[in-house]
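The structure appears below as structure tokens.
For reference, chains read A, B, C and D in written order, and residue numbers begin at 1 within each chain.
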Amino acid sequence: MSAARTLLAASAPLWHRIAGHPFVKSAGDGSLDPAAFGRWLVQDYWFVLGYRRFLAGMVTLAPDWRSSDVLTAGLSPLQDELDLFRREAASRGLELGQEPSPTTLGYTSYLLASLHDGYDVGVAVLYGAEKAYYDAWVAVRASADRNSPYWPFIDNWSSDAFAGWVAAVARLLDAAAPSGPSTPMRRAFDRVVRLELRFWDAVYTGESW
Amino acid sequence: MSAARTLLAASAPLWHRIAGHPFVKSAGDGSLDPAAFGRWLVQDYWFVLGYRRFLAGMVTLAPDWRSSDVLTAGLSPLQDELDLFRREAASRGLELGQEPSPTTLGYTSYLLASLHDGYDVGVAVLYGAEKAYYDAWVAVRASADRNSPYWPFIDNWSSDAFAGWVAAVARLLDAAAPSGPSTPMRRAFDRVVRLELRFWDAVYTGESW
Amino acid sequence: MSAARTLLAASAPLWHRIAGHPFVKSAGDGSLDPAAFGRWLVQDYWFVLGYRRFLAGMVTLAPDWRSSDVLTAGLSPLQDELDLFRREAASRGLELGQEPSPTTLGYTSYLLASLHDGYDVGVAVLYGAEKAYYDAWVAVRASADRNSPYWPFIDNWSSDAFAGWVAAVARLLDAAAPSGPSTPMRRAFDRVVRLELRFWDAVYTGESW
Amino acid sequence: MSAARTLLAASAPLWHRIAGHPFVKSAGDGSLDPAAFGRWLVQDYWFVLGYRRFLAGMVTLAPDWRSSDVLTAGLSPLQDELDLFRREAASRGLELGQEPSPTTLGYTSYLLASLHDGYDVGVAVLYGAEKAYYDAWVAVRASADRNSPYWPFIDNWSSDAFAGWVAAVARLLDAAAPSGPSTPMRRAFDRVVRLELRFWDAVYTGESW
């Protein structure tokens, strides 16, 4: 079993909670409280900024030009994503650039901190963060209303382009761990899934310092 | 006013809560629940390991040999500190090396992540983390029982040696920001104080994923 | 005077040697020894790979989203550049991936090492490396033969697109040092210019371990 | 064969040149030109400052507390070493803090740059740099005059304490690569040996920009 599949299998119980998280489900069926969506928009914008720093850090750590080519290609779409956040925040009168919540700060800090654990751990972290988003949003795409105010976000992370990126990251992960994920890789992947769930909990219910 | 004093003054409301935190106060008067102490021991050991990586990272970022000399000197005492944790954990039958709580993981990750914000921000982070420990433990030292099971820890962070280290870090901070702390330095210092308080809340009351 | 102009003015004597370096001049007028061009192709490909890691590292260090947007945008064109090197090397039967010469290894290592000196120094390093390439190739563009085997490279680094990138980096530099470059920034910029000249010397005359 | 022994065996031809380098030999028998010694003192002081940043960076990358304990312990003796350089430079009227030569800048930059290649490569780099110094100076210790002006340096890197450190690094290397060094580790180790030789060539004969 490939490293990517091994990590997914090992975290299956947590994983089910991701695709069925009430935040994602209610965003899909349009029942999401606009205030919760606003919280998510502000926190996830912060997250994407931190994630971009992390992904760029992975380019710095990439062990060869092939993996560097793949990782660098993942940076370009982030600009459109950030621009989408900026437009949507402006149209909703939301202020980006607020101090992040404890959970968001912890999650993005963990991404950046994991760079010190080296490329192999980093690619497990990257896969966890991206696969979680893909699986969550693809789960709601079928039933989602294309006129939903949340459609641009649903569409972004359930698109074929994003699917291709997640698959490319899985291949990097498999190449980094041909005989299966190491203990530090397993630990890091598991942490990302837990941090992801806590992130959604926090934006769904609200969280303050 | 020096950069260090400016940062302390700006966070005064939070700072009062540090020296009076129930975890520290009850450790001082001996009334602390041994289970809470055990939680702290395990989490703080993890913290010190992460802090050592952060402090070593600061040596890598140090802009000149003088600051590098000072920061490197701060690494040596950590070995005694870690050995103390290992002995105390062993004598209490506590297993070190457990997965950290969300708050501990977030705090140590923030230390490491802040290295990407550069030396000036890092030295503000360093000062916040060290000054918080010093002020908290020095507040209880006078009234603490030297036969308390917690005395070795109280003594460690309220010692003259530790006071000297904190003062040396304050001088690095003042030298890094001769005309006062920048906005990123203020923000980072404020975060550390908040993370420190949440860390003590979490070990005092217990926290799980 | 802006930080970028100050740095250029301070290194004027070295700078004249860049635009008039025999390697660049002979590439422009077509008289360059094909063996020297081959050496350059192999060494510069290594350089671009190292430069990409450096530029990605700068994204990780960027102090705000605006500078991060600019720096990230600089990564995309590198893929076309690397593909050009790969095609040209293949058509000439040159093996990329050889061990770099001492000078190339030293130069690319310096780029990566400078990331530990923080964003401000890094942006001075970035400007030095990019401005040197732009000025050198633009100097030969007017007289260069568009049928020259070296035209794709001349065109790449003297293009309007590249000019726009260099100007954007100059603005980042000016924003990072509104009251002029610091001593570490000056020192780093000066080193890059010297390393650049040594790089061209080495490929022009050949260098081995 | 352990990873450390494998790396040494693979670089045997270069390694012989280290222990027999005219700089080291003439320092041992006292025939070294004082001007060459002065050049070395200035360049090696710069090297040790860069090496300290590198070694601290290794602490940040260390995968577990055991290796972190070992690496951190290697930082303390550097303070005595740097103080020795400062005293000796002062007594000879040599100015430390000069711009390093191209070779010294390239070598120290490579140490710092290699941190981006991860812990395993870093520990191969560390072993190469330390083992080279140990073997070179131990080779001359037996015949060296204890009244030689160079004795404090000869003694420092041929001491039992230094031998113990080099052996500890070899154990870290063996633990990092239980089934032998990877290709990137081999390449990095080989580079360090070549950079070391070039460093001694440069200080022996003099080098300028």
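The rule is simple: a contact is a pair of C-beta atoms (placed from the backbone, for glycine too) under 8 Å apart; a residue touches a chain by one contact, two chains touch by 3 or more.
From a predicted model like this one, the values you see are computed outputs, not experimental measurements.
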Intersection of contact partners for chain C and chain D: A, B
Chain pair with more C-beta contacts, B-D versus B-C: B-D
Most distant chain from chain D by Cα centroid: A
Geometric centre distance via CA averages, chain D-chain B, whole Å: 34
Intercentroid distance (Cα basis), chain B paired with chain A, Å: 31
Chain B-chain C separation of Cα centroids, rounded to whole Å: 43
Residues of chain A whose C-beta touches two or more other chains: 53, 57, 60, 112, 116
Sites on chain A touched by chain C in the complex: 49, 52-54, 56-57, 59-60, 62, 65, 68-69, 72-73, 75-76, 78-79, 82, 112, 115
Chain D residues touching chain C - in the complex, by the definition given at the top: 53, 57, 99, 102-103, 105-113, 116, 187, 191, 194-195, 198, 209
Touching residues on chain C, where the partner in the complex is chain B: 60-61, 63, 116-119, 184
